[in-house]
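Okay, so subunit A shows up in both of these, paired with subunit B first and subunit C after.
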Partner chain A sequence: MIAVLIGLLTGALAIALIGESIFDTYKVMWDGAFGNFYFLTATLARATPIILIGLGLALAFRAGVFNMGAEGQMVLGAVCAALAALYVPGSGIVKLLSAFLAGFIAGGLWSLLAGWMEVKYKVQLLISTLLLNYVAVLFAGYLVAEPFQDKSGSAALAQTPMIDQAVWLPKLFAGMSVHMGFVIAVIGAIILYVVLQFTSSGYEVRMLGKNPFFAEYGGINKQKVLLFSMFFSGGIAGLAGTVEVLGSQYRYVEGALTVPGYAWTGLMAALLANSNPLGTAVAAILLAALQTGAMGMERNTEVPLEIASVIQGVLILFVTAKFTLSWWKVKKKAGDVNGAV
Partner chain B sequence: MELFDYSLFASAIRMVSPILLAALGGALCARVGIFNVGLEGLILAGAFSAIVGNYYSGSVIVAVLTGAFGGVLVSLLFGLATIKFKANPIVAGIAINFLVLGLTTFGLRAIFQVKGAFYDKDMNGLPKWDLPLIENIPVIGKLLSGHSPLVYTAFIAAILLYIFLFKTVVGFRILAVGKNEAAARSLGLKVTVLQYGAIVASGVLCGLAGAQLSLGQVTMFTEGMTAGRGFIALVAMMLGQSHPIGMIGSSLLFGLMDAMSIRLQGFSMPTQFTAMLPYVITIIAMFFLKDRGLESQASGQQSSR
Partner chain C sequence: MIQAISGLTSVDQGDIRLGDTHLVGKSVAFRRNEGLAHIPEDRFLWGAAKDATIEETGVMGYYNKKAFNKYSFILKNSFREVVKGWIDRFEIKVKSVDDKSGNLSGGNLQKLIVARELGFETNFLIAAEPTRGVDIGAMEYIHEAILEKRNRGDGILLVSSELSEILLLSDRIAVMFEGKIVDVLERKDATEERLSVLMAGGKEDESSEKNTTTA
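Showing the complex of A and B:
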């Protein structure tokens, strides 16, 4: 909460620097995010992939692995979902299901590759996931620039043809941008919360993250749990790409998922919420609101939209600093007890 | 048009310098046990403040100095967060990247009242230096001569860093901190001072990298002009195993691939695969080069080992 205040304060300082009224600007920003029904749904639509990315990462973080590859997993999921929706024969519902399956599996396998390299060859996951992002994004770029490019339009954009209307995820409200993907994301958050909190496999994942030695002592197959966590983590990130393709883009467009920085925002959401699935969803909506609000602000005032990333940056800096500070205090206390004995 | 000619390698050398400078900065941080993901932000800060310095002073030297200063300011913030407040360096680095991207775009609006890019024809770019003697050697002269001073600085900095790390006492102390922070502390080394020193030095190097970006080819600043170079520098650092000479090699590889992919566009060939190559090579290299576990220690990652 203090971090949020400091973030907004920094934003206010920046606004004052270019000579705009602070309160008016923040009001415009608020209106741009929640002002009317249309903007509210736009915020929720933007939050959809961010929630899913955040959930996938939260799962990995809970298992104690630093999965930085959400971007690549999301992009591969998106492109595979688009291709499945285009080329799998059958009725709309078959195409839809196969698109979801393809998106999930593509993201999951890509993530599993990094997990497998970590378990088998001790290639550091943090680094390999970061590297695999580039490979995935470039490969997806190749797919839509060469073999699967949309040749119908006059402009040769790097994108797939448009998918059949029967495969589109329905919009929740006519004319609004929020689509079924948002419902999927929210249900996903609840399911992940329940699984992590109340099932034995969720307990294994959390135990691995909290204390890998204890987990092993308790008879948990560390490698298996790690691989499963990575697969599902990447799979959920792949779903984030899938719902973007099926719900709002209706095709894979190069850069449409990477330029808005969904993956990094999702990472921030998971970190802000300390990897709690429900909290991640809330944090994702807040961050999305910050971004759509800033867009509204840019339309109506002289303040550029990048103020959102200033506020986000400050927010995250303070949250991590504070979070580790409290962790450090706990540790110190434990040390004192030992000393007394 | 030939695929390989002198200008390809010459442009590769030019593209290398920001990556190499930033990679050296990242390596210094890695050597004291801090994995610096914020290189991207540091470079961007350097690029922006170099342009600001250039605009107000009209002097290239002042511009380069302000560029380095901009990098230092942001690196101090990063150092404060990670060392003083014990924030996770990876998270703090990502936050720094976002922060600087926002701040520079904001500054563009606040200082120059423009959006997107700033260009002023009165600004001076970095001069091109022709090396005496070397410029007259047939092949090598064409490759090595006629670059900006910062390009030469990058390579000299790599060699100096090598001497510093492996031949001086302070360098050995820095290596000790990276190997085992607790042991270094118990030996009475001023770990915190060394860490701040490394981070500030990396700020200087990244600031110079930014100055080369904004003043090197065309004298202008565009929003987010680093375009992932900070992360590429990070990869070059890993591939080079945080070893200065190794990083010259890995940065040259990235620069060459960069220049190649621009060249290949002229041949209407898929450039994605050449662009992919350095990352794939790095992953493969990681199979063979068993790291000291330095980065994983720094990130606090608990994994299967």
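Showing the complex of A and C:
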């Protein structure tokens, strides 16, 4: 919360430097995010993938693992969902379900790969997940630039053909951009919260994150819980890509998911909320509002869009400082383990 | 040695049995289900999670037992009663069971861990430095509880660097030096002097004791 305040203060400073009224600018920003029904739904639509990404990461963080690969997991999920929606035979509902399944499994397996490398070869998750992003994004780019490219249009964009309308996720309100994916994201947040807080699997995940030694001592299978957490974490990130494809793009377009930085905003939401699933959803909506609000601000004032990036940058700085510190402590503790006789 | 028995370290050779069950190569969970309880040497590293609530620290090992688990949901209300029972019995000073474990004093956290491990009612218990760094009051509670368990006929492996504690609680004492058991004494033959001589030369004072009730 302090990080948010400092972020807004820094933003205020930057606005003052440009010579605009701070209060008016923030007012315009607020209007741009929540000002009327249209802007509100635009914010929620933007928040949808961010919530899902944030949830996936929150799960990984709760288990004490650093999954930085949400972007790759999301993109692979998206491209697999699009391909499933295009090429799986059957009625709309069959296509829809197989798209969801494909998106979830693709993201999950990609994440599981990193988890498996950690368990088997001690490849640091922080590094492997980060690097696998490039592999996934470029591979997805290849898929839509070569074998599955949409050849129908005149412009040869790197995108798949449009998916059948029967597979589209319905919009929540006619003419507004927010779609069923938002409902799915919110339900996902509630489910994840309940699972983490009240079930034995959730307990195992949380204890692994809080103290891996205690978890091991208590009979929790560390590797199994780590692999499961990674799979579901990546799977949920894959769902973020899936709902974007089925709910707003209706095809996989290269760059449509990576350019807006959904994955990194989702990471920030999870960090801001201290990996609480419900808090993550709220933080994701706020961060989305910051972005849509900044767009409104740019339309109506002299302040450029980048002010949102300034605020976000400061947020990241403060949140990661806190997070890295605690991660460091755990690592140090791990180094101090001395065997009992 | 404790880590080898409890399954936290893997063993290359030799055999560990609990009753008739072979434990080598088995998981920690398997060993715990077979009836092994363990008061760890380092309560903050192994015995608890500082950021977890007292209830969460307490429920470790119980959460998947039938009495506290329904459709994989942890039955917090039934478990809460159990924790409250422990708190009453050992007079653990807590603000609330939702308080963080790390906020407990060393002695109170140790009492919580002892209560948890005794609560499994297993026939074998490893007690590693069960009273290190706890106040006298807590120490007495813990000693009493360990003796009570012994008197019920359960086996206890006590590992301690406190000679007075060993002499007070043990039936049979094995002295280890540089990783090997150098001698096993009956309580009546053991004096502080004899033990000290056996231990001499070790950088750390390490000695262990084995109760005779189970082999």
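Just so we're on the same page, the second predicted complex is superposed on the first by the 316 of 341 C-alpha atoms of A that agree within 3 Å, B and C clash if a C-alpha of one lies under 4 Å from a C-alpha of the other, contacts with A are read in each partner's own complex, and residues count from 1 in each chain.
The definition used in the following text is that contacts are C-beta pairs under 8 Å (C-beta built on N, C-alpha and C of every residue); 3 or more make two chains touch, one makes a residue touch a chain.
This structure is a prediction, so every number in the text was calculated from the model and none was measured.
Of the two partner chains placed by the overlay, only subunit B lies in contact with A:Ile127; subunit C stays clear of it.
Which of subunit B and subunit C touches more residues of subunit A is settled by the count: it is B. Once the two complexes are laid over each other on the shared chain, residue contacts for A:Phe66 go to subunit B alone; subunit C is not touched.
Of the two partner chains placed by the overlay, neither subunit B nor subunit C lies in contact with A:Leu96.
Contact with subunit C, but none with subunit B, is seen for A:Arg206 once the two complexes are overlaid on the shared chain.
Touch criterion not met for A:Ala106: it reaches neither subunit B nor subunit C. When the shared chain is aligned, no partner comes close enough to touch A:Leu57: not subunit B, not subunit C. After overlaying the two complexes on the shared chain, residue contacts for A:Glu306 are found with subunit B alone; subunit C is out of touch.
By the touch criterion defined above, A:Leu272 reaches neither subunit B nor subunit C.
Of all the residues in subunit A, the ones that touch subunit B in their complex are 14, 17-18, 64-66, 68, 117-119, 121-128, 130-132, 134-135, 138-139, 141-142, 145-146, 209, 212, 222-223, 226, 264, 267-268, 271, 302-304, 306-317, 320-325, 328. Residues 198-201, 203, 206-207, 210-211, 213-221, 333, 337, 339-341 of subunit A are the ones that touch subunit C when the two sit in their complex. On subunit B, the positions that touch subunit A within their shared complex are 77, 81, 85-88, 90-92, 94-103, 105-106, 108-110, 115, 223, 231, 234-235, 238, 270, 272-273, 275-276, 279-280, 282-283, 286-287, 290-291, 295-296, 299, 301-305. Remark: subunit C residues 1-3, 6, 8-9, 27-29, 31-33, 38, 40-42, 45-52, 56-57, 59-61, 63-64, 69, 72-74, 76, 128, 159, 176, 179, 206, 208 touch subunit A in the complex.
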